[in-house]
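Look at the two complexes coming up: chain A is in both, with chain B in one and chain C in the other.
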Partner chain A sequence: MSSIEFRKDLFADERVEGLKEIGKPTIRQDILGHVTGRTPYYDDHLFDGLLHMRCVRSPHHHARIRSVDTSAAERMAGVRRIVRPSDVPHNLNTLLSLINFGRDDEPLLQPKKASYRGEPILAVIADTEHQARAAAAAVRVDWEVLPHVLDVEEALQPNAPTVNEVFPDNTFEYGPYDHQKLRFGDVETAFAASYRIVEGRYQMSPIEQAPIETCGAIAAPETNDRYVCHTSTQALFFSLGTTAKLLGIDSSRLHFIGGTVGGGFGGKVDSIVEPMAVLGAVLTGRPVKFMWDREEEMQVGAPRGAERWYIKDGVAQDGRILARQFTGFFDSGAYTRLSSYAIVKGVGHLPGPYSIPNVSANVYCVFTNRTPATAMRGFGITGVDFAIECHMDKVAEAVGIDPIELRILNAYRDGDMKAHRRLAKNTALIECCQVAAAKARWPIGAGSSSASSLAGGGERALIPETVTDTEGRVGERRQGRTATAPPRKGTGRVAAGTAGKAVVAAPPQRPDMVGDPERFGRKMGGPVPSQPAPAPMIAQPQPRPGGPSLPAAFTPPTGFAPAQPQPPSAPQPPTAPQSAPDAGPYQPDQPFQRGVIRPGASRFVSGIRRR
Partner chain B sequence: MAVHQGRGFACINYPIGMNLGGDPSQALVHSTPDGRFMVTLSAIDLGQGMKSVARQIAAETLGVPVAHVYVDTADSDTGPHDMGSFASRGTHRVGNAVIRAATEARQQMLEAAAEELEVNASDLDTDGKGNIHVKGAPGRSISVADTAIAAQFKQGRTLSGRGIFLIPPSGADPDTGEMTPVTCFAHAALIVDLEVDDETGVVTVKAINSAYEVGRALNPKLVEQQLIGGAWMGVSHALYETTEPYYPARDHGPLDFNTYLMPGPAEVVPHDIAVLERPAEDAPYGGKGPGEMCANPVLPAIANAVYNAVGVRCDSLPITPEMVLRGLRANGGARPQARR
Partner chain C sequence: MAKTPVRFTLNGSEIAVFVDGGANLLDVLRRGVGDLSPKIGCMQGTCGSCTVLIDGAPHLSCLTLAEAIEGRAVATAGGLAQGPNLHPLQRAFIEGFAAQCGYCTSGMLLAAKALLDTNASPSRDQVIEAISGNLCRCTGYEPIIDAVLTAAAGMRKEAV
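Entry: the complex of A and B
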């Protein structure tokens, strides 16, 4: 049996207890629908004359399309429409263009060259799913098979085939470089002064999100020149904006409905099924369903991507880690999706929850001829945490220190400087280590038992002089041999103490959105900076001389449909609750009950679920 | 041939919210004619309890019972913009937006009640049971329902609020990696006890002891569900799951749940959890999202425990019986490490 305890004794002086609703084990309002099978999901939306869409997919890792013959498929029973790449108005996108990150690199339907096994090149819309499958199987494609590359380090070799022509060097670009750098202090000098050097290589394979409900969407024309789309998306406006862009349609003409999803785990952010279904509805004028089957979910739907990490530590005799170097490779598959972003997140996470005075990292987003990778629970962090924590045990063994005590010795604490040049605050790693050890009766020494996350800062807050370099500029690597790890000799120096200002949240826009801080559960005057909970964001972000700046091309997101100047994010105010027309004269002193639709009630009058 | 016991440790921290910001969430709150409140969002409930958490935050902030609050999500025609449920951002971003919206609605509510009670709004407080009273004079009160009715039909006021939460977007320096990735972190430490059969290579996880620091457990049952389920997923990632068993080769990829290995309910490991709560400065009621981070420490803790049991370093995932047996063969047999 499992158990759970709440250690209210720890950090008690930073918490207000006795809140009325927060902290209560309130049962979910929607649970009855879930456990009785009444909750409607996207696939429960019945439409008369629903059509079904299936894709024709590449059977090859890497192959050029010489020709496509759809004549047999077109003549088959029930086939309504063959959807071709030329039917997609703006057939190139990258997901994070919605926040102006990256470069459009992936078509909805591939017109020229398939870069992974399973890449869609065509779709068939038919009256039944069976007919759509049969017609898709009858499409004949003449393929010219090309050499492919599946390994991240092979993909960086000069002779490797180019996977994605938008990134001809098989790497995403971070400023002038083909990788994201992290430089903090002088790693090489610290290695030279170390008692032990500990090295390791770690690999995580792709993992499927495995939701019970596969990705899908049902789209239908509405009578007001708009399209409704019932979707399994994890990110409603992400999918809406992506659909608007790919289809060249004002985002205000799209009406997306979702919100209740049968498991996501990160696999329902990619916004592929929504534009496909809406495109089908646009082309046929009929409701269209596009839903992955389990095989597509497993092999075509983007998994958690593989990651490979090399770690090298320099350790003092007492167990303090003096320097840590990472070389990391994210296998993005054939297109960017979200891997580029996960790398920046991962780099911000290095060197893990430890205060290490010298850290460097080169991390690569590599394109290979496999299914594009995407988000999954712990995205950008899970793989490197596996590497770091396996490595910590190797370090403990190398210096003969208990693994938990080694972690506590090196743990980051409040006020410590992190490698991304911001101060740590609100830390609790040490206390977690102590509590877990006690629960499992894993003995640790008195020094480790009495350590505290509060005892940081001081010298630990300093930013060291940092060695920099300009190795790995875009285009250099494939012209010759450039090492993937950070170079041994730097070419530049950044002065000690160089850091910009932390970015904080935009403040509440009106004073009446700022509540009484005491009501938000944090005790004032504790060791944590004593700003009220929802209003610590009073400070506007300052211009940061010397700090990182936004990419030159960065402009605030202006909307979802490029053609549309108004961001669709301007919400429609919720419509006022309607009273029934026959409500009768209203009596203000009586509770108003009649004609009010009961919120939360199932829209399904019968309990029979559609097949 | 024998079964060896092993024990392994790992600890982690986890960034809450989208890296480098730029991910707004909005919320709208309005009263119904019978004095209940509707929270309108575009957030997605993946089963993690997004709606439940938003509802509790709204009720606490408004000062009304949770039973009087409903959450409507996600319809793009009525729900305001939200980036989505990912990157542990739901509770943090949406929760903060709900706080701001509910704070404004509460202010409207207190002003409407003040007019009915003929007092100053700043002298009023809520009892959390559906009533508004004069501070220090609980006898002088009006119900939230009567306040809403008066506001709507007598005073011509709305009891509504809107909120947005945004960490403005920023960049990472290409030369040094300097950045402001996120504003708060959750923490965890975890100990795994397992057995390794040196004949079959099979690893069986027997027990997990853990400590998770989540800022504040906004709903302890939802936190428990996340932590138990997350650890289960961590075990599954460590020992079973991959779409490409011979990565980077693409052969033998599973096509369904017959060939994609996942543990069933019977493999849920007995798991003793301690929850620590150190409220984060800019998180709603201090709560950090526990959903993503809870699986992460399990993977390395299992690898470390396998080494402790038989002396085989498993530096790639998943740790299949084949990998363990190959490691044992390379080592010339099991080499159990010191018992902990």
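Entry: the complex of A and C
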């Protein structure tokens, strides 16, 4: 019944045959409940005396709260409790604090300044949903409306309003920089040697996950001084840890039941509804349901963040892409949630599934007065892939090459070095292109038809000599010293390599899959490993036969001050490799290992509290 | 709040409940009667996850006034199976991977049942039309349409 086609002729020698389950259709283990209506979603748990919670939300994109008058709401029928920001014991959180990444920047209930339309500032608990809704509507708020910013590049202007006081520059901070960097090779030199420069601007929309079951949770006091919480969450332990942190409750007193999700697609990881429901149960001693209605799901449910990408390619006459430069702006909305991580993931994915010897990226996680963005189906990847594949078509047109053949020509092959310094393995883009062309009856040349992911790689396994810079230090842009547009040629570039002795930014991957800190990147200009220095690979896909030698267009490193490029006729003598930039906030020795205590780590990291 | 007594049959069983003035059938079924198979998706008549059959015709229970079902016959997905024997639609949904999260499935099944009860050999377009009021975010609809057609073929075979 499945419409998936298995092409067993491809990579036959890499496939394990005789598997009993994988690669074969199988009946879902939970489907009997689905077709009989007996699958217990969070709202399918009945409690006597259930109370209902509704939020009072900001009608403005950006507004300071002057005063709140709840006197009318308190007197309304059925109202049990007004929940205020002061009722939240630890009213500041960021989702990834549970893995010690980022700064707490978002209150559960906003006490001072709403930064997006729909931000909750109060909640009302009443006997029926209708009563809670009426009482929430009766709360009077005196708003001081502030100027707002809804565009990512406008938010980076020096005079833009500050969206989120925790990040006054309107960007998340990656170590000392206000953007995530990727540097691999030297794009500027390669651009100069290119036959064509192809530039493009790509803008994605925010996309709501829109599950049919809206986000919600029911919490109730149990008989053993614990609270049970039935929740729609996709991330039960995120929700548990976040609730424990926000409410100052030991996680051992929280009994979370979830995993039966009525559609998630990433929109149910943010752990907003669970702390609210448990807080309601704590304050009233009664079962409390907090369920977003459809309008809330669409308005305040965190979407896939909109991304804006500028891509600039330098292309050789035969269609090989010699250099690719990205400037990305990721609309995080008013708070961080998971956008910071999406960018780390997305930058690791650049420049797409292609072997390009020179790649550079500056990607900004920008705060705007829009709904906070979060996970959705490949977030951080899908958006930039859309941009990359549109751009590939544009490149094909610019150099007059068939778009599928252009992809086959530039595709990763097994053994190629990727820009994030991992060797490409199990690549299959060439075969996918060949199958797609055959299915579409799209004629491709004999060379493209006979290409293989298994051949031709390996020659491109070396890490090129890499040019780094200090552009975009935190705070510089606010002082008007850094442009927000794609970096202009020559601004702030410092050569990291030295003649005759290449600087390797990070060692190539180990053969095993053990997590090591290098895999998390941002080791640009780090100490040179003791292994033999690979040959530089600049503006061409194969290493030079003459061994390591430097084009003369570099300025030697002069520390981290921005330097102007020297004219090519004035090569400088080599100097020592520059030192590593400051360590960022997230460079664990043993990433994601349970119970690792790092300096300054949250005590709510899963596993620690239970010891 | 004024309560009104309402009597109706639910999946063949007689039910009598007191309902609040203005209460909708979905809340009464779920919280009043305890049949949790109709789901809350939008409470505004757009998603179809609360679909029930009233006297055999599909209705959105979130937009149906509970007092209006006095004396009528209501069918939900919880009553589709006859004891341990699944309805052919349920079997086709299982075998055809026509559900992932399962949240829309109750409504889908009832919309499809209403079609097959009146049209034993629907065309693909008629199936699409019949489930057009039911949103599914997981499956992409194709497996659901296939499953309804498979069930229809199976039921025709059994009837011969």
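Criterion: the second predicted complex is superposed on the first by the 472 of 611 C-alpha atoms of A that agree within 3 Å, B and C clash if a C-alpha of one lies under 4 Å from a C-alpha of the other, contacts with A are read in each partner's own complex, and residues count from 1 in each chain.
Simple rule for what comes next: a residue touches a chain if its C-beta (ideal position, glycine included) is under 8 Å from a C-beta of that chain, and two chains touch if they have at least 3 such contacts.
Only a predicted model underlies this, so the values are computations on that prediction, with no experimental measurement involved.
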{"item": "Touched partner set for A:Gly263, first chain B, second chain C, both or neither", "value": "both"}
{"item": "First, second, both or neither for A:Ala210, with chain B first and chain C second", "value": "both"}
{"item": "First, second, both or neither for A:Ala72, with chain B first and chain C second", "value": "neither"}
{"item": "Partner, of chain C and chain B, that touches more residues belonging to chain A", "value": "B"}
{"item": "Contacts of A:Ala137 with chain B and chain C, given as first, second, both or neither", "value": "neither"}
{"item": "First (chain B), second (chain C), both or neither touched by A:Gly33", "value": "second"}
{"item": "First, second, both or neither for A:Val145, with chain B first and chain C second", "value": "neither"}
{"item": "Which superposed partner A:Ala193 touches (first chain B, second chain C, both, neither)", "value": "neither"}
{"item": "Which of chain B and chain C A:Val344 touches, first, second, both or neither", "value": "first"}
{"item": "Touched partner set for A:Asp44, first chain B, second chain C, both or neither", "value": "second"}
{"item": "Overlapping contact positions on chain A, where the chain C interface meets the chain B interface", "value": "1-3, 25, 27-28, 30, 34, 210, 261-265, 294"}
{"item": "Complex contacts: residues of chain C adjacent to chain A", "value": "30-31, 34-44, 46-47, 49, 76-78, 80-81, 86, 89-90, 93-97, 99-106, 109, 135-138, 142-143, 146"}
{"item": "Complex contact set, residues of chain A against chain C", "value": "1-3, 25, 27-28, 30-41, 43-44, 46, 209-214, 261-265, 291, 293-294"}
